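One chain, chain A, links the two complexes that follow: it is found with chain B in the first and with chain C in the second.
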Partner chain A sequence: MISRGQYYLLTVNYTLGTTLFVTINAMIGEAGPDAWMMPLWAGITGMLAALIWIALLRSAPGRSPVEIARDAWGPAAGAVVGILYLAVFCVTAAWALRNLSDFMNMTIMPRTPPSMFHIMFLFVAGYAVAQGSETVGRLNAVATPFLAGPFWISLALATADWDWERLEPAFRDPWAIFRFPSHLGFPFLEAFAMTMLWPKVRSGAAGALVLGIASAALSISLVVFMVTGLLGPERAARINYPIYTVVQEVEFGKALVNIHSVLTVILITLIFVKLLVLLYAACETISQLFRTSSRWPHLLALGILISAGAVSIYENPIQNRILNNRYTFIYDGFYAVLIPALLLATVRLRRALAGRSRRR
Partner chain B sequence: MIRRKAAAAAVLALSAALMASCWDKIELNELTLVSMAGLDRDPESGIYTIWLQVINPASGASAKGTPGGEQSPVYTYEASGSSLAEAHLKFYHLIPRKTFIHHAKAVLISERAARQGMKDFMNFSELQPDARTSIPLLVVEGSIDEVMRTFTPLERTPSESLASRLELLNEYALRSARRIELRDVIERSERDEWIVLPIAAATPKTGNFNSWDSDASIDANRNQLRINGGAVIRNYRMVGRLGEDDLVLYHLLDGERGRFVRRIPFRDGHVTASLESRGAKRRLAWENGRPVVRIRLRLNLSTLAMKEFHPQTLEDIRELESAVNQALAGELAAFADRTRAKGWDLLRIGSLLRRKAPKLANPGQAAADAKIRIEVKTRLTGMGNLSRLYEGTGGTP
Partner chain C sequence: MRMWLLYLVLAPLIVLQAAWLIYRKKFRDTAVFLAISLAGFALWAGIAYGRPIILNAAIGRIIEAAKALAFF
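Up next is the complex of A and B:
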């Protein structure tokens, strides 16, 4: 059992995960100085989707979406949905890992083979997942203060270069997000993986999940706001990793000039948390689908699958961006909105029918 | 339990593969620290030339007399190629170590390259993950080759000397600014704003100037570098120059903070006012469909340099303050008119209009038509060490 607080922190860190790497410059490129509003709207969409998940999960206490699908649609269709979710979790994990190795190779460790990052992160995450949900929750709760503190401190140190002119003209394009629906999908709909942890959380996790998504949306919005005010929309839209550049340009007196390595550690730990949740979700899906008893063999198989996926998911970051812009909304919407909504409808319908027949 | 511990130990041991030392280890002894970079492009042949001034690790102030003590503190390497990347690779024909450019303190660019346009250099620099663009950029007047091969007294490396002088010039003379870094050139050019960069040049040479020997000469005005004037940049291209006096006025209008000294007409003669700028605020208003930009400057006045007159009464103070207000507002307005007549938008009015009135159909024309009102608000806040001046008759007042 993990506590509501741990679940909340997991949701926040999971959602922040790769977002801080990949979408900041895209958002600023699309909406200019008003980009900080995009994560807020996307967060509201994510919270609405979370309400569907919560309604679904509440209809069958103690059951995960995979089990609910089997209960509602029968063993065959349930297994199809389960395998679909397994694939989603594996692909998302591979994607996150690849984003991580791209970042590391491009910034401070250009010569380390990308697979090394993938395999080692999977190895450590696999060990944590094998220990169970308590380890996952506790690990993240312990790590969070060490991530949030230095992250905001290093961004705050950068505010010496702040210029309000960079955020003008303000409020010109508040609805830009609807021209770029991919941001409605990533990252907030991906938080669907958090529902696999739901049965392990003490009661009342709904607030933690919704609040977690809201906090993540606010954090991303604040980061985008600060990056715009610190780099200006022109540079922030073009630089690959604007947060990294912001911190790279911090000169705190004459001694502290290399604090970007601190930021790197924070960002890769956030991705690790995302990987941890996804690996846990994938592992849990396998054991619920096939009712297995041991964990290690599946983790090994998942590790091989995900590390292979990570090197082959796309060829270069440009493809990643195209993939993201074109397909994430449809992709995320399919598994995180459409299927849960259909499941919810089936569950409600069955209950209504059962209630009516009983009354007769 | 033992199996679990063994697994944990194995995980920990294998994590070592992720540490930087495995693939990306960098030994300090295998690096050369670049302290200053010079850039040039020949307009006819299109050949790029890069100079790297690197720190000699074997030299040091304490090492005099010991082996290496007489060595040059920096070495300048030069390489050319038809692209910047090719020129950069050619350094490995000359330098036995991997270049580390993150700690560079200044970047110099030749005037001819600046006049052709610096976009290539900026793009190349921003593309490199290990380079920073938060470094001052200076335009070199005359031969950049000579500047890159000139020592500066007192500081160990010329780049430290230049960076330090830029700071002092900003703080005590308002003849340099904080926004003179590569990233500022990029940002302002991308927003179609104007920027003024400092100009460096070599001073006259005597003796064997290509060696450390010139350091033995007492005349520190020769054989070194000098920062002088400002290069006006628009859209990555140098389009003109500002003199030292204009540079102060430009920085005042640009909102820079710093101290400076100005001679102000007062009563029948002049007084020397020591002033400190506390920033400028710009407001946009409209009068009959015509934009009016009000620039309001706040200044602190000190009697520190005022050897001609010392205010004694409240009336004296008010009179002095309004004399400064009037004189400076006049000078600033004249400067604004002069530069706008040349078509230079140094006050960045076009950008102000684009930000505050984004729906404007023709911001360029509106910026040219805009009326500028400059208000200066001075307050006497500081004093020198005298509360009354000596009153003998010898010497000019």
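Up next is the complex of A and C:
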């Protein structure tokens, strides 16, 4: 079992995960100086979706969405939903790993084969997941202060180049998110994977989940605001990893000149946390769906599948961005909003019908 | 060459693990393990042949097909 605080920290770090790598420049390119408002609207959408998940999970205490689907829709349809969720968790994990290897290859380790990163991360994450939810929760809780502190200090050190004029004209395009709905899907609807950990939380998981999404939305918004103020919208939109560039330009005396390497460690640890949650969710889905008795063999199978998926998830970052813009909202909305909403409606309808037949 | 490397690395891993699960009489686990790991092997085979299944594009195609069906 994990505590409410651990669940909250897991939600924050899971949601931040790859977001700081892949969406900052896209958001700034799309909304200009008002890009910092996009994560706030997307966060509100994520919180509204989380209310559906909470209502669903509260309707069957101690059960995960995969088990609720089997109870509500029967073994066959429940198995289909379970396999769909397993595929979603694997694809999202592959996506996270590929984002990580792209970042590492483009910044500090250009000659290392991408699969090396994928396999090493999967190996360590697999070991942590095999130890159970307590290890996942504790590991993240121990790592978080070492991530949050240096991250915000690095960004604060960069504010020497701050210019308010870069954020002007302000409030010209506050509703840009509705022209680019992909940001409504990624990353906040992906927090659906956190529901697989829900049955392992002692108490107060609902508040931790909603607050975690809200904290992540505020953090991303603040990062976008700072990157815009430090680089300007035109420059930030053209750089692949604007946070890395911001921190790369910081020099603190003559001793601390490689602060960007600290940021690299923070970003890859955040991705590791995301991978950890997704691998745990996939492993739990297998065990609940097929009632398996062992864990390691399935982690090995997942490792083979996800490491292959990470190589073939997309051909190049441009194709990834085009397909993301076109399909992410539909894709995320389908598994994180539509299916949970239908499940909730079925559970409520069944209860109402059972109550009526009992009264007769 | 790449295909041989794939067989050399992945085939023993999958076969030995499956054999161990069968030896321990965990038949359900064996079936699940083989299903997932062979799906992974198929993806790796596509990569080794130079014809990878691009998952992102495949998801896009499924969504387009669903949209076409939904709107006739």
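In this section, the second predicted complex is superposed on the first by the 358 of 360 C-alpha atoms of A that agree within 3 Å, B and C clash if a C-alpha of one lies under 4 Å from a C-alpha of the other, contacts with A are read in each partner's own complex, and residues count from 1 in each chain.
Just so we're on the same page, a residue touches a chain if its C-beta (ideal position, glycine included) is under 8 Å from a C-beta of that chain, and two chains touch if they have at least 3 such contacts.
Everything numeric in this text was worked out from a predicted model, so none of it was measured.
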Fit-or-clash call for chain B and chain C when the two complexes are aligned on chain A: fit
Contacts of A:H298 with chain B and chain C, given as first, second, both or neither: second
Contacts of A:Y331 with chain B and chain C, given as first, second, both or neither: second
A:R235 touches, of chain B and chain C: first, second, both or neither? first
Touching partner for A:R63 - first (chain B), second (chain C), both, neither: neither
Touching partner for A:R321 - first (chain B), second (chain C), both, neither: neither
Shortest CA-CA distance in Å separating chain B from chain C in the superposed model: 16
Residues of chain A that lie at the interface with chain B and also at the interface with chain C: none
Residue ranges of chain C touching chain A (in the complex, touch as defined): 10, 13-14, 17, 20-21, 26, 28-29, 32-33, 36-37, 39-41, 43-44, 46-47, 52-57, 59-60, 63
Touching residues on chain B, where the partner in the complex is chain A: 7-8, 11, 14-15, 17-18, 20, 22-24, 102-103, 126, 129, 132-134, 183, 186-187, 190-191, 351, 354-356, 358
Interfacial residue positions of chain A with respect to chain B in the complex: 106-113, 116-117, 120, 123-124, 127, 165, 168-169, 172, 231-232, 234-235, 238-239, 248-249, 251, 257-258
Complex interface listing, chain A residues touching chain C: 91, 94, 286, 290-294, 297-298, 300-309, 311-315, 319-320, 323-324, 326-327, 330-331
